[in-house]
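Chains here go by letter, A, B, C and D, matching the order in which they are written, and residues are numbered from 1 within each.
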Amino acid sequence: MGIAKKGAGVVVIGAAAALVLSACGGGSSSSSSSGGSEAKAGGTLYYLANAEQFDQIDPQRIYTGEDLAFFSGTIYRTLTSYKFSADPTEGTSVVPDLATDTGTATNGAKTWAFTIRDGATFQDGNPITCADVAYGVSRTFATDVITGGPTYAISMLDIPDDPAGGSAYKGPYVGTGQELFDKAVTCSSDNKTITFNLKRPVPDFNYTTTLLAFSPVPKAADTGEKYGDAPVASGPYMIQENKNGKGGKMVLVRNPKWDKASDDYRPALPDSWEVDYGIDPKVIDQRLIKSAGVDATAIDLTVEPENLSVVYVNPNEAQPQFAGRAVSALDPYVRYFAINTKKVPNLKIRQAIAVALDREALRKNAGGDFSGDYADGVIKPNMGADYAPTGMWDTLLGQKIPDAGDPEYAKKLISESGEAAPTITFDYPQSPTADKAAAIVVSSLGKAGITAKPNPIEPGQYYGIVFDPEKAHELINAGWGPDWPNASTIIPELFTPSGGFNLSQYDNAEYTAASDAAKIETDRAKQAKMWQDLNTQAMKDVVVVPTRFGRTQRLAGTQVNQSQVYLWPAYGSWPYGAMSAN
Amino acid sequence: MSDSTRSFLDVRDLTVSFPTEGGLVHAVEGVSFSIERGETLAIVGESGSGKSVSAQAIMGLINRKAAQISGEVWVNGKDIVAMSDDDVRKMRGSEMAMIFQDPMSSLHPFYKIGAQLSEAVRVHQQVSKADAKAQAVDMLGRVGIPDPKSRADTYPHQLSGGMRQRVMIAMALINSPSLLIADEPTTALDVTVQAQILELIASLQQEFDTAVVLITHDLGIVADVADNVAVMYGGRLVERANVDDIFYRAQMPYTLGLLSSVPRLDQVTSDRLDPIPGNPPSPINLPPGCVFQPRCSYSHLVGGTTCEMKRPELLQINADHFVRCHLDEAERVRISTEVTHVLHGGGA
Amino acid sequence: MSSYVVRRVLSMLLLLLLLSLVVFILFSILPTDPARLTCGKSCTPEIIEANRHRLGLDLPVFQQYWEFLKGLFVGRTYAANSPDPINCSAPCLGYSFRRGEEVLILIKDGLPTTIWLALGAFVFWMVAGISLGVYAAIRRGTWRDKTVMGVGLVGYSLPSFFIGLLAIFFIIIKWNLLPYPSWVPPQEDPVGFLQTMILPWIILAILYAAFYMRLTRNQMLEVLGEDYIRTARAKGLPERTVIGKHALRAGLTPIVTAAGLDLAGLLGGAIIIESLFSLPGIGSLAITSVNDADLPVIVGITLVTATFIIVANLIVDLLYAAIDPRVRLG
Amino acid sequence: MAITESVAKAAPVAGRSLRQVVWSRVRHDKVAMTCLVILILLYLIAIFAPLICKVIGVDPYAFDGASISDSGGAPIGDWGGISRAHPLGVEWGTGRDILAQLLFGLRISLLIATSATIITVFLGTVIGIVSGYAGGRTDAVIGRSMDLILAFPFLLIILALSGVLTQRLSSLGVPEGNPSRILYMILVLSVFGWPYLARIVRGQVLSMREREYVEAAIAMGARTPRILFREILPNLWAPILVYATLTLPTYIATEAALSFLGIGVLPPDTSFGAMLANSVSYFSVVPSYLFIPGVVLVVLVVTFNLVGDAVRDALDPRSGRV
């Protein structure tokens, strides 16, 4: 789930918060879950958003952590889901949801089967069947209509590629290659058990199935492009109204057809949810700090820098009056600068850039220790086994590099590179804070004789531009978090040509091969080691310059039940499905 | 009600001066004259001589905040200068009215003339809109506007200059004022129309027994309509007499200058015609002595520097003939006869 | 008269046509590829190509323009060949794939807020501007005049976004005199509406008020020197009538003209104020669309705003004729 | 806003001797003279900003990590960390010196506004004269295009096109980055600014065409360009001067607004608008971020307007004090 998506706020006030706002992820929750009274049913929870709309409401198209967490907790059910828990390991463990269990893998993890629970129905009362799930999955293949969503189904399901590009199956609308899909995804005679036949072993496929891309869609109700306008709910809530833009809101009310008996995953305590769009970040802060009236049961996604000292003593401790309702925790994101290896092929130069960069100033500008810890790779410590220190700043670059950078050494590297000191352009989504970061990049690289030109891009267009090989420049600001706690959703995505987030345009055959091998490694421990090495390898090759393991701060109102006020490791989001009002 | 001793309009020692960046501007200084109902007084003089200012002072149209006014202006037994602005306002348009020089710009372009007239009615009389309108139409008819009923619904720009001036006159007389001040009522109009307008004024004067103050620089008009004439120069009254005295027995060199600068049809040779040399004085710094001295071709006849240094008094020659000059009587009479003789075709 | 209006309307339409063409050409050179924006991170050239075709972006600019024009009158259908074509009924100002909404509807949604904002500010600035201007003119030269003009000059010099920020800082944050602005339609919550709008109104009005004050003053000074004002006084009209009726009526005409155009301009959205006070009006829509490179919306707003202004031009001229009988139309 | 009216009013028929009259009038206007002096000072400050910064010992680009807190990046000390080293405090998160940023911001602000005004005046005058003198089709075409330009929501257009047009400029050989961006600002301001002046000038020319000296010149068979620029232009300087002096401040304000909306100069450089935009995130904690650049901006604009007014009044006493 890239920071790629999620709408930026109004440039005037919102932009400053755009990046932070889209932050979401896993990690240990600190100043939270300090008891709090017993969870009670009823009431309304308010989600105060700066964004003016959800990027996507169509289940197959949702790909932002926060949104996945929100919608899977409220209106959509998937075969499997993550346990609601603040604990890093528990909180990222898979539990059955629409399926009776977490799936059974056979054929060396190349075949996965799930059985759908009895009594699970759509909001129109029709029972949810295997066919509905299969149909939902099939929509992913209509890449011209169902855009923006994860494409694991395409890359994993056992369907040949189309020589002309993409999959041989073109999705349910065109219908081309339907038979291939029906071979790959089969339903039992009672239409209850769904079987996925995969290209390659996917040991953690039941993690993949937590994605809403694998949630059921009744074929009859599918309106393709516009399905998101009136989706059919399978979860405890359904959309009563949704008006985008400033002053707009989405209201979720109870889905009368949802049967508690068929769903022991979601407590679904509140009577309704209200998402208020397009509120100014300063306003959100003020309202949650005051926490008056309906704001007592409100939640937000970020705390503005100016209020950090109001709410927190330090990144790990909230001010007394906010204890229990202020969260400050590592999010799942790694913030980094991708180096376009096509435009900067010379390793020494890439090293010089990494060496010269003043990461200390950058971190300070982002909010100091509130903004996270120095990163040494693209895999975060809270990824568990997959993480191991890469030693990027100690050994990989030839010597120890201070956080503030080492211009002299950078100069030396450049002279060794046999090239003149380069002139590079730095792409970043514009906001006052990002502008200051750009200033830091320019001057710190300048100290090493590297001429850097800032290239601010409107946040809303940012990824549209930097993904375009013609338009992307040498240095690209980015952030990435895993789709589930396995580096298989990081390394291949970021560093292989087939990856969806390969901003570095890194194409190293050997590396790609190793990555592919790691993907299909069924021994988790072995796999973890492989990811660790690939992570280190990428850093050694300076494909990216990791700057921060991101940290996020957010607030909940005084009347939000505090036993669920924590950052859910699964998505680094609120545990929406579990939250309730006192 | 005017008391017997005082004339209907009695201006006494009127002085108007405006403070400006450049200093105090003495527009009018020590002007006195009087006139009865039914009479016509013509005030003549070059532009800047203070004619119009005097007239506006009489109408109380001069903003007292912007100017210093002293002296007395008795209209029908009430002293305008001493009255409150609002009382004067109430008299304007009812007891005294004024016609302006340029009929083109003196009517409000946005309102129908009927409306503009009835407005004048309704300020001073408690009558219904309808009545006021009726009066307006009637008045328009009386000032010789054909088809007044429909004309009342036209806008000023739809009328000719002459017609507009008639409208102005109608507006001035609609409340049958006893004093009418006409400030160069005809200068903006072409000759044929001029005559008509003057006749109109005259006839209406008969009808309402109005006292008319006619301000002009055109002696031709004066000869036709005025009973008395007041000659102004540099803000001062330099000669005042009945019309015959002015035309045949004027004694002030300036008056004579004016007379001789009038082109006359019966004057075969125009070479006789000699305009006054030089320009009128700037009202800001008037010469210390006789204001006319710098242009006066006779001041050398007065011994020493009297004309340069000493302000001449207003001398009374006979019952209603006054003159302001340092020359002694004999000299004045001599010059007068000399000039007038020539003018009236006696000589050559 | 009527023939004049017809002629004006025709030339107006011509101007609009020209304008829309210019807008189209201007924006056809924008770098960001809307097709690229419609497809997320997992994006292949094929997908982009497909999208581009579906959005009709593979057509030459002029054909796209033609499609657009046609859409205005007969409506149009996007992605006709896909399973779920998007129908945009006439008048179709275009379709925002970014927001999955017809441009016209987006603008309609924003318009009420913007209209409320513009009208409110309009009232404020006209009342303040004209009354102060007249006052200064009557008192010309006095210290009162000088003070009013001085204040006016400062007001004229205050950048609206700066006073906007000041207002937010003091009135809302420091002194808590007003709640944070959050738009509600008046019919839903009049109090909240006023609480939200009062600041934007005043701040938007200040600049204009200052300008109209100066304008009014100059106009009045000019008119008060006119002969017909002297005539009015000679009639014995009370000063109140002279100023309030004769002078004001004549002095107002150019003010009306300017006011009409300014109001029209505001109906196109006050970008800065709307953004500062997060009012969901055309201005906010505009800025968001700019940030998202949501071309159809930008084009739509540009055209709508321009239309307002051009129409206002016509109305103002008619008004002018209504006020000043000397003006002949045609 | 339709500044045209006021200026048109302010434009008397310029006689040759008017020049001295105006100057003497302005000279006797104490306020105006004070402002004039201030303006000259401001321009000097802008020109010598780098030098001044050196003298005071501040640097707009130097990051002073020591002056900001390590957690949250807030400046250490009251009022944005005002200290001997940083007279007006430092920027949140970077510790860059506010005073230095102001001085350099002033530089950019004046550069853009001044050049834009010059270009605007040039365009407006030339086009206005041509359209007024040529009349006929030329006049009609120019008139239409003015309507066209004035009908555009220019703020929106400027924002929407900034990216691409800036690139175009660089591809046309203008150095990438700030040069192109500044040039873009100057150009768009001028492009959307000239019609107002052109209208005024056109009006003046129309009334002037009939004047004796022009007719005389025509009668004497003078060539059109000569008539335009020898006979007519000299008599237009009054309205042009007034327009220029009143336009400059509006351009300063507009430029600030634009950079507030994020299309200003690139980092590490900054401008008033950018500083104000930046202040938004912090001003409830550090008000000085808002006040310092804001006040400077206002003072700048007010001073310009006062001078502009003085000139206008001098040219047209009616519009000014008695």
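Here are a few things to note about the model shown:
Here, contacts are C-beta pairs under 8 Å (C-beta built on N, C-alpha and C of every residue); 3 or more make two chains touch, one makes a residue touch a chain.
Given the structure is predicted, the values throughout are model-derived calculations rather than measurements.
When the C-beta pairs in contact are tallied for B-C and for A-C, the bigger tally goes to A-C.
Each chain gets a centre from the mean of its Cα atoms; for chain B and chain D, those two points are 55 Å apart. Computed centre separation for the pair chain A/chain C is 40 angstrom, with centres defined by C-alpha atoms. Distance between chain A and chain B, defined via averaged C-alpha coordinates, is recorded as 94 Å.
Within chain A, residues 11-13, 15, 282, 458 each touch two or more of the remaining chains. Residues of chain C in contact with at least two other chains: 31-32, 173, 272, 287, 290. Of all possible chain pairs, the ones that touch are A-C, A-D, B-C, C-D.
Contact residues on chain A toward chain C in their complex (touch as defined above): 2, 4-5, 7-8, 10-13, 15, 52-53, 61, 63, 143-145, 147-151, 164-166, 173-174, 223-226, 228-229, 244-248, 278-280, 282-283, 286-287, 458-461, 463-465, 467-468, 471, 500-501.
Those residues of chain A whose C-beta lies close enough to touch chain D in the complex are 11-13, 15-16, 282, 304-309, 314-315, 358, 360-361, 364-370, 404, 430, 432-433, 435-436, 438-440, 442-443, 453-454, 456-458.
Taken in their complex, chain D has these residues touching chain C: 1-3, 5-6, 9-10, 144, 147-148, 150-153, 155-157, 159-161, 163-164, 167-168, 249, 253, 256-257, 260-261, 276, 279-280, 283-284, 287, 290, 294, 297-298, 301-302, 304-306, 309, 318-319, 321-322.
Against chain C, in their complex, chain B makes its touches with residues 59, 61, 86, 89-94, 97-98, 100, 102, 105-110, 119-120, 123-124, 155, 157, 168, 171-172. Those residues of chain D whose C-beta lies close enough to touch chain A in the complex are 61, 63, 65, 68-74, 91-94, 96, 163, 176-177, 260-262, 266-268, 274, 277-278, 280-286.
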